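What follows is a set of structures for review.
Okay, so chain A shows up in both of these, paired with chain B first and chain C after.
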Partner chain A sequence: MISHYLKLVSGVLRSQLAYRTAFIVDVITVGMSNALEFVAFALAFAGFGHIGGWSLWQVAFSWGLSEAAFGTMDMIFSGFDPARFAQHIKRGTFDQFLLRPVGLVTQIFASDFALRRLGRVAQGLAIFALANAGAGVIWTPAKLAYLPLVFVGAVAFYGALFVFGATLCFWSTEGLEIVNLFTYGGTTMASYPMHIYTDVVRRLFTFVVPTALMIYYPALFFFDLPDPTGLPKIAQYLAPLVGFGVLTLALVSWRVGVYKYQGTGS
Partner chain B sequence: MLTTLLAVARQALNRQLVYRAANLAGLVTNAFFGFLRASVLIALFAAKTAPRVGGLDLRAAVTYTGVAQALIVWVALWGWWDLIDAIKTGDIASDLQRPLSVFWYWCAQDAGRAVAQLVMRSLPIMAVYAVLFPLALPRDVVQWIGFGTAIVMAWLLCFAWRFLYSLAGFWLTDATSIGRAAAFLMTFLSGFLMPVGFFPPWAQTLMLLTPFPSFINTPIEIFVNVATGPHMLALLAIQAFWIVVLITLAHVVLYAGLRRLTMEGG
Partner chain C sequence: MITVEHLVKEFHVFERRGWLRRRTRLVRAVDGISFTITPGELVGYLGPNGAGKSTTIKMLTGILVPSAGVVQVNGRVPWRERVAHVGRIGAVFGQRNTLWPDLPVADSFDLLRHIYHIPPDRYRANLQEFRDLLGLDDFMGFPVRTLSLGQRMRANLAAAWLHDPDIVFLDEPTIGLDVVAKEHIRAFLQRVKLERGTTVILTTHDLADVERLCERVMMIDHGQLLFDGKLAELVERFGGERELVVDFAESYADVAVDGATVTQREGLRATYRFARAKITASELISRVSARYRLRDLSVREPEIEATIRRIYEQKLL
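On to the complex of A and B.
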């Protein structure tokens, strides 16, 4: 399974690197466009002072973490990117995957690996690194051990959203843009202290789509801040568990979708 | 020739109206991102004792995010790939056989697209905003007329810019990356991410040297009554100036590109 994946992905990567100049421009563009969003926020921030009690560097901490996790996910799970996957359903090319003697999930994972997202990962990590100078996090062994788990959990969680989105394609390829609200909207939302949003929206993104559990609540733990939303302390430690839990759920729903799939008949 | 262009515009409009589900999903996503931006500004203003930042009070700032979200589809801020694709596939050759100017033919198409988006996206977004937040509206007929003029010029200006960067396709095999770079330049410098007035003075000066604030910041400053009287007229004159510059530039580059195209016999 792994060896199939590596073989298929290396082909995908070779084809992406064929147009070297376009690739480099893409990496820089993707990185810059996300970084500039932070630059715009930071420049405007100077005129205000704080946001929901957080300093610019505390925002940068969660911003960088969320962006780096999302960018990493966007590379690994790009085969499941709903916008791309919908094309396989519409054109009937999904049927080709079903005929090949390699596991379906492996093939979809290997069907694309958007290396240009490296730019997004790099800017996320850069903002995160900068943040650490100013956010005043007092690192303890527990926090250092928890950080990679939060990162991996967030990657799994964002990946689950892509898999759910791709699964929806088995029912309808119309109006898929709505998934963006949870993927791109979710990661943008998690970049800021989430207590600034109205209760309804914050609860929706905590209990239904648990984006807040991935970045915001762990950030409270890293900053040693009291929880202004009044959830039990355990909410700050759930990121890896919930991340992989939701991913498992997404892959199960994907399986149901595949069974249900009948093709476009073309 | 004008009637032909009008017919072209009407066709493009009808084509857009077909995608109802996609438009509804896009509307919800635009409104949601608007809600996020508004929440961030509300939280920032809560940290501030002075009622105004960059000429905007909280109500005007929230309105700013609403009009900005409504303008995305009107000016096609996220970019536009039709012309790049036409050059890549060689379909541009058939445009040359029409007894119409290439620039104005594409412009008429884009006008139809913009009007369709205005009806299906921009106006509904403003309606959603009006329900969620108290809005700052143009205070009298003069402001409304100024705003109407400003958005028409903003669209034409943005079209000329999109047309211009798409022409890179004549020289590069994959101009999509150039298009992406051009699109992010536009989102940052136009005041879409944050109102231009929120930036420190040096950044504002740099931004105002480019045509981009005329795309987004100008119409909105007129809408929320920050730009009135002679100030408004000056901003409209700047828009008109950039229209002349970009349309002239677009024609020069277009003819250079076409000469190259025929030389290759394509």
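On to the complex of A and C.
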């Protein structure tokens, strides 16, 4: 399975890198445009100084972490990107995947690897590194061990949103803007301290689409801050579990979508 | 070995009534088809558009799951053991590409070698043979996306046989190709059939494809199997009639001729229908030109689609 994935992906990558100049320009552009987004936010933020008690450094910390995770996800899961996946269903090219002796999920993963998203990852990591300096996080071995788990959990979680979006394509290839609401909207939202939102919004993004559990609550742990929302301490340690849990759910739902596709055709 | 018993496929089709209302209609794309195909056969699967051909093929390849009925291919149920089943078959769809569009043909083949686990010596031997037979050397290094339709079809055909499949499904492989390209592909299929004994199911609208390649044909329309037998028999019974269209030099009241029926008359033009078995085209032309003065003529072969429509509409089967 892994070897098939690697072989197929290498083909995809080779064709992307074939146009080298365009690729490099792409990476830089993506990185810059995302970074500018943060700069715009920072400028607006300068007027307030603090948001929900968090300093700019602390928000940047969350932002950088979320962006780096989302960019990484965007690279790896780009085959499941609903915008791309919908094309396969619309054009009937999904059938070709069914005709190859390789697992479907492996093939979809391998159908694209958007290397140009590295720009977003790089920009996220850069902001995270800067923020780390200013946020004054006291790094303990426990926190250092937990950080990569939070990162990976976030990648899995954002990936799950893509996979859910791709699953919807089996039922309708139109009206997928609602998915964008959660993927692109969700990552922006994840960067801000959750306690600035109203109860309803917060509960929605904690218990229904648990974006808050992926970045915000772990951030409380990293910053050694008390939880203003009153959840048990364990909420801060659930990120990787929730991330992979939601991803598993998403992949199961995707299989249901495939089953539906094979029953009703395109 | 392919076994199909009482195969049924129903679809819910949405109909729009007015602005907001929608209604579902149940359509039987495949309506109780049964047949058996033994190893090594090259079977033509014929029928007009919308007859249910593609739906049948999709169920045989495992893309679709039937609504009812049994499908067994080499002892497997296609959609239940997808990976194992698909590893032993090949498929080429006319107008659709099976290879990776941005990769050079050679790279696509290499990918296939990997995912189908083709032993290196078989891969080399097959590649060499197909390069010769299909003239692939001209474009092996180019991305599939940049190839002409004929080149893409040749590449897809080679790709379908690369892993020595037991069965190959060909869905309109010659559609849109010029006459020379079609000939090359037919030559390839004949050669491959002779040398490898691959079971082939060929869907086509082109009667020439069928005449050249298939001994056995199955005809389907409205989801039902109308005919399953030797091509010669089908042509004899229904395709045996051809048309001679004649433009007369002058106006005649009666243009009757022995051995043919006048089916149409319009001004100076008349259409004769005649049976292949009863009279040859040249003989009919002689008879007509002996009695009447002609300015121009042409012989029309029966289109398979028209033949089938006639068969179905007139309930000839």
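Heads up, the rule we're going with is that the second predicted complex is superposed on the first by the 261 of 266 C-alpha atoms of A that agree within 3 Å, B and C clash if a C-alpha of one lies under 4 Å from a C-alpha of the other, contacts with A are read in each partner's own complex, and residues count from 1 in each chain.
Going forward, a residue touches a chain if its C-beta (ideal position, glycine included) is under 8 Å from a C-beta of that chain, and two chains touch if they have at least 3 such contacts.
Small disclaimer: the values here were computed from a predicted structure and weren't measured.
A.B. asks: Do chain B and chain C fit side by side on chain A in the superposed arrangement, or is it a clash?
C.D. replies: fit
A.B. asks: Regarding the shared-chain residue A:G103, is it in contact with chain B (first), chain C (second), both, or neither?
C.D. replies: second
A.B. asks: First (chain B), second (chain C), both or neither: which does A:I234 touch?
C.D. replies: In the superposed model, A:I234 contacts neither chain B nor chain C.
A.B. asks: Considering only touches as defined above, state whether A:M32 meets chain B (first), chain C (second), both or neither.
C.D. replies: After superposition on chain A, A:M32 lies in contact with chain B alone.
A.B. asks: Taking the superposition on A as described, I'd like to know which of chain B and chain C A:L43 touches: first, second, both or neither.
C.D. replies: First partner only, chain B.
A.B. asks: Could you say whether A:A133 touches chain B, chain C, both of them, or neither, answering first, second, both or neither?
C.D. replies: neither
A.B. asks: Pick one for A:V200: touches chain B only (first), chain C only (second), both, or neither.
C.D. replies: A:V200: touches no partner chain.
A.B. asks: Which one hits more chain A residues, chain B or chain C?
C.D. replies: It is B that touches the greater number of chain A residues.
A.B. asks: Could you state the shortest Cα distance, in Å, between chain B and chain C after the structures are superposed?
C.D. replies: Minimum C-alpha separation, chain B to chain C: 12 Å.
A.B. asks: For a test of understanding, state which residues of chain A touch chain C in their complex under the given definition.
C.D. replies: 3-4, 7-8, 11, 14-15, 18, 92-93, 95-96, 98-103, 262-265
A.B. asks: For chain B, which residues count as touching chain A in their complex?
C.D. replies: Those in contact with chain A are residues 21-22, 24-26, 28-29, 32-33, 35-36, 39-40, 42-48, 53-54, 172-174, 176-178, 180-181, 183-184, 187-188, 193-195, 198-200, 203.
A.B. asks: Which residues, counting only chain A, touch chain B once they are in their complex?
C.D. replies: Result: residues 19, 22, 25-26, 28-30, 32-33, 36-37, 39-41, 43-52, 174-178, 180-181, 185, 188-189, 192-193, 196-198, 201 of chain A touch chain B.
A.B. asks: Considering the complex alone, what residue numbers of chain C touch chain A?
C.D. replies: 11-12, 55, 58, 61-65, 79, 82-84, 86-87, 91, 96, 98, 100, 102-103, 107-108, 111, 114-116, 143
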